[in-house]
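Consider the two complexes below, in which chain A is the common component and chain B and chain C are the respective partners.
On to the complex of A and B.
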């Protein structure tokens, strides 16, 4: 008797709870769960890097270009560094870059959106600013910023933030403008809410939905931009490992030592595909 | 149409002017003075001052900007500080190579995209559908330097069908030249093909549900003919916009692909210019790339307006 009551209770409670949170609903689909597992695995490998290898990523052994073995699961690179360790610490570098760059870009974009909905003149200025940033294809913008700041991890973070900001800015601006005209906003205004209260308490919580999806999309773009910049040699500085720079190192040895490229390629692909699955799942959840 | 052009042109020009100003201003923020670099080791202040005067670096910022724009408009972007030579020569040699790469990629996109799209729209059964979807997602999301390395591993290392990198002129020897072009162009074309495939798939599926298709079928027109002659052409117009948007990705991707395949194009020149901080080269190139991008966007909009009266009259 008691058992039946206990099992019944959550069945009744669950749908109401799930309906309230569209993100959870989106993530609990096959696509969302696959994305969570893949991204979770990659992130875990990066976080646990020091525990999973006994070699430092910059430590040079005396054996260059070794085949995979128990000692070196992915072999070694052209100057004898353990590739398993370099891939793990490369993931870590990527995580640091994208986790600091994307929120920075999102924050900048959202602040500019707030400025732009506040006044007509500011709106014209901010929109032209976004136009100019968007007129540069991502990597070309990367080259420009690197010309000024010099190559390095902090430059990559700045580039990603600048590339991502217009997407967040445009999205939030559009959402605020459309929500401002809805009836609930009118009702709040009639009820005596000032512009600041209306924005913060009523409009922003409703306008923020698409931003969550954009964060997942932006994270995957950030991984790609970091990889591309490090790949062409204007990103994370050697000998610090990053996934892009390891792939770049492997290119000279594709003929004689193809196994060199496999580790970083699998890591990047898994990371990017996983993030995209998450973005698609969240998008479905929000739209439902 | 004239009205549409009058509305659309000023905003394109404004973006170009703002971009040129941004490029010029940003590159002036570079720490270090090119005159000091050029003067060699241990120069006297007089030498540096002379070089600064020679390069025009001692003039006010706006004066430098306007003389740069003036020179550009008269067709003279100036000389490179460090790589050496006239910028027009440096760009001229490589422009053709990048153009060949871009055209190759566009052609492949226009062939692969529709084929993949139609296959996705008509696939029967769970397994083929899942496979095609996976192919599409992977080509769409995996970055070009990853697919590039995989293509080299397959076609150049494992099967030894194509060269792993380098460049031969297509004009001098089309057969050899094409062999060198295939892999870099394919690598550059994959993400765009996947985007086009998505649009074609949606367009074809929608068209197949329309009344005119049912009419055609009731008149006894074959399934294949309906697909290729009726449904596909109606799915094509959005592809135009996609192509316009892909040009940006193409220019950015070219930098990576040229580095991977040792292809002597504009991307490589930009990379060298940035690495050596040769800013006349960098600013000319950046403006050229942004100009091409803005021009293509404009042409896309115009083509769209020609195809769809709602756009030009709206």
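On to the complex of A and C.
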């Protein structure tokens, strides 16, 4: 017996080493590195915003719709605010929103998934709840939640969390149901593991991979949802900048002042593109 | 220059008016004076001769709301397209001119007005227009279900004496200075179809265009009334009004030739067309409302007049006009446009931008350490609220912006549940000053959003409303007193008078508006 264990050990150890770093392996692909650089740059701009501009994002001057200059690299908006500063602080706002909302949605979705697999009745209820949420487009859901809670950053966080929760819930539920029937789970059960231990020690660690990929996808969706909500005026409360609200303000000036829209649009595009590249890279890594 | 039939008609009526009482003669002469001014102001294109035919295509931001047909004017009002009114104000002032009423005589005590009506007018359904239709029009506005904004003035009419089918006397509870405001506002509709009209099914009037088809949210088609009482009018065969809910799409529809006229755009929206010679930016001197900062006087310390005055000094009105309105507005602390009988430069500049004085007033009121107040605003119009917030912050008044969607904003305005401060727009300052104080909700002395009550203010409003002659020295003194009361009390802090500007293609001529911004197309035509 002892010899058998000793001879098996390197065989088990080798895949275990690979399994420890599937994310790193995925991120070290050209796609992953590009994603990391793009997202890192956007995040850095947001975090270092106060160091990169001398204007507060809400400071108004009498110089409206100025063209780009050394003092105002992206010009000014219709009420004389520095657009470079607003874009930087807008990124920061978006970061706060998505970094709060997506984990919140993931947590809610995962908890509901655990409730769902615990009993058949709970499963029916939770799945119908997810159906209801998924039946509404994100913006309609946003309008409904805003009508109840009022517009503001916290409402955007709640909306994104609600929109994202079913994705995490469905994914985790499927993974648990699938892994529960595998040999290693049966072996653990035969070995005396109770339902809780089986779930926490054996199934959840194996089911986590798709959730990590989903987080990256959800972050990019969250950026778009925030942008859309702020664009239609139910997002982040003015005068605080967000990328969506800056784009919204720029619409009437696309012809006479296109630079107004370019800054926030580039930031949103880069952020979403970078997160999608990361999601794809992570997906590739965990599938190896 | 040939006199158009519409003006010839006015000149004929002048002789009629001169034959009746002295008060009416004064009003009638004034009307003719304005008609001459109007004729001189006709564009050069009009001299080449109007062209008959064509369909005018209008793009508008908001659809018609039939349920509000008698309440207020929507963005592109059909009030003067499908309907007529008893009188109309001449451009540039408040001189009433004949329309369905050809002459009028006000009793010496101001408690009755006798109207002589046109005899050659029929509704679109073929029924002749008579004095009974005037009775119905007044009673219709008195009906609380209509929620008419001039209901208070309509309720001042307490009885009717019909001398003949085309002569009627309205008995009044008291002299009313804004009776011609009521006549300009009150459309004459066919009583037999009015319940259908408020559902948008069968809208029947006596106006130059006949209601044909309405597709809610999409379009409204009006066709030329072949039996219109003004000879050879209107020139246009039809008017097609399309709903285009986005300002940029509205501009695009003009540029692409899909529409001739855009309605509902703000000054800042039309900036892309300013340098484009293919379009005319038509400005109307009655303005199109006001931007204001509302104050809930039941919230401490805004019950202190000095604090309200400090806020008024703190806001940079010129910057609001320049940046939020694209220059299309008049920075003014008073609500009146320049064509109002009560407008003065001194009142407009009563609260110049002066942060130092604002701070001093706040300190005097015991709030030198600053204030923290909520500021509500319409979520679709954030610019002014943000500018006010910034200006107030400079004098130590911190505000938290609270966006409200249009339905909630309106509901809170009516229910008097606005927070300490809010930014919004109001109308009714372009007519007789009393109309503002008895009909515009923010200023209503009996009940207003600011929860402002003051027996002295009530007395001043009633004095301005109950004058026998709206143009007398006593009336003018009462109006001035009203203006001073508003400026002193500052429960509504007026910021700017909005310029009424409508972009249109260069070939569209002779479009007019009445004092309520209802579009008048009697003489409009599309040049070749």
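What we mean here is this: the second predicted complex is superposed on the first by the 268 of 288 C-alpha atoms of A that agree within 3 Å, B and C clash if a C-alpha of one lies under 4 Å from a C-alpha of the other, contacts with A are read in each partner's own complex, and residues count from 1 in each chain.
Please note the rule applied: a residue touches a chain if its C-beta (ideal position, glycine included) is under 8 Å from a C-beta of that chain, and two chains touch if they have at least 3 such contacts.
Since this is a predicted model, take the numbers as computed values, not measurements.
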item	value
Combined model on chain A where chain B meets chain C, clash or fit	clash
Touched partner set for A:254, first chain B, second chain C, both or neither	both
First (chain B), second (chain C), both or neither touched by A:115	neither
Chain B versus chain C as contact partner of A:96, first or second or both or neither	neither
Touching partner for A:43 - first (chain B), second (chain C), both, neither	neither
Which superposed partner A:239 touches (first chain B, second chain C, both, neither)	second
Per-residue touch tally on chain A - higher for chain B or for chain C	B
Which of chain B and chain C A:79 touches, first, second, both or neither	second
On chain A, the residue positions that both chain B and chain C contact, one per complex	147, 150, 233-234, 251, 254-255
For the chain A and chain C complex, residues of the former touching the latter	58-60, 62, 64, 78-80, 147, 150-151, 233-234, 237-239, 251-256
Touch list for chain A against partner chain B, complex	128, 131-132, 135-140, 143-148, 150, 220, 224, 227-228, 231-234, 244, 247-248, 250-251, 254-255, 258, 261, 265, 268-269, 272-273, 276
Chain B to chain A touching residues, read off their complex	14-15, 18-19, 22-23, 26-27, 29-31, 137-138, 141-146, 149-150, 152-153, 156-157, 164, 248-249, 251-253, 255-256, 259-260, 270-271, 273-275, 277, 279, 282, 286, 289-290, 293-294
Complex contact set, residues of chain C against chain A	247-248, 268-269, 271-272, 319, 322-324, 379-380, 382-383, 385-387, 389-390, 401-403, 405
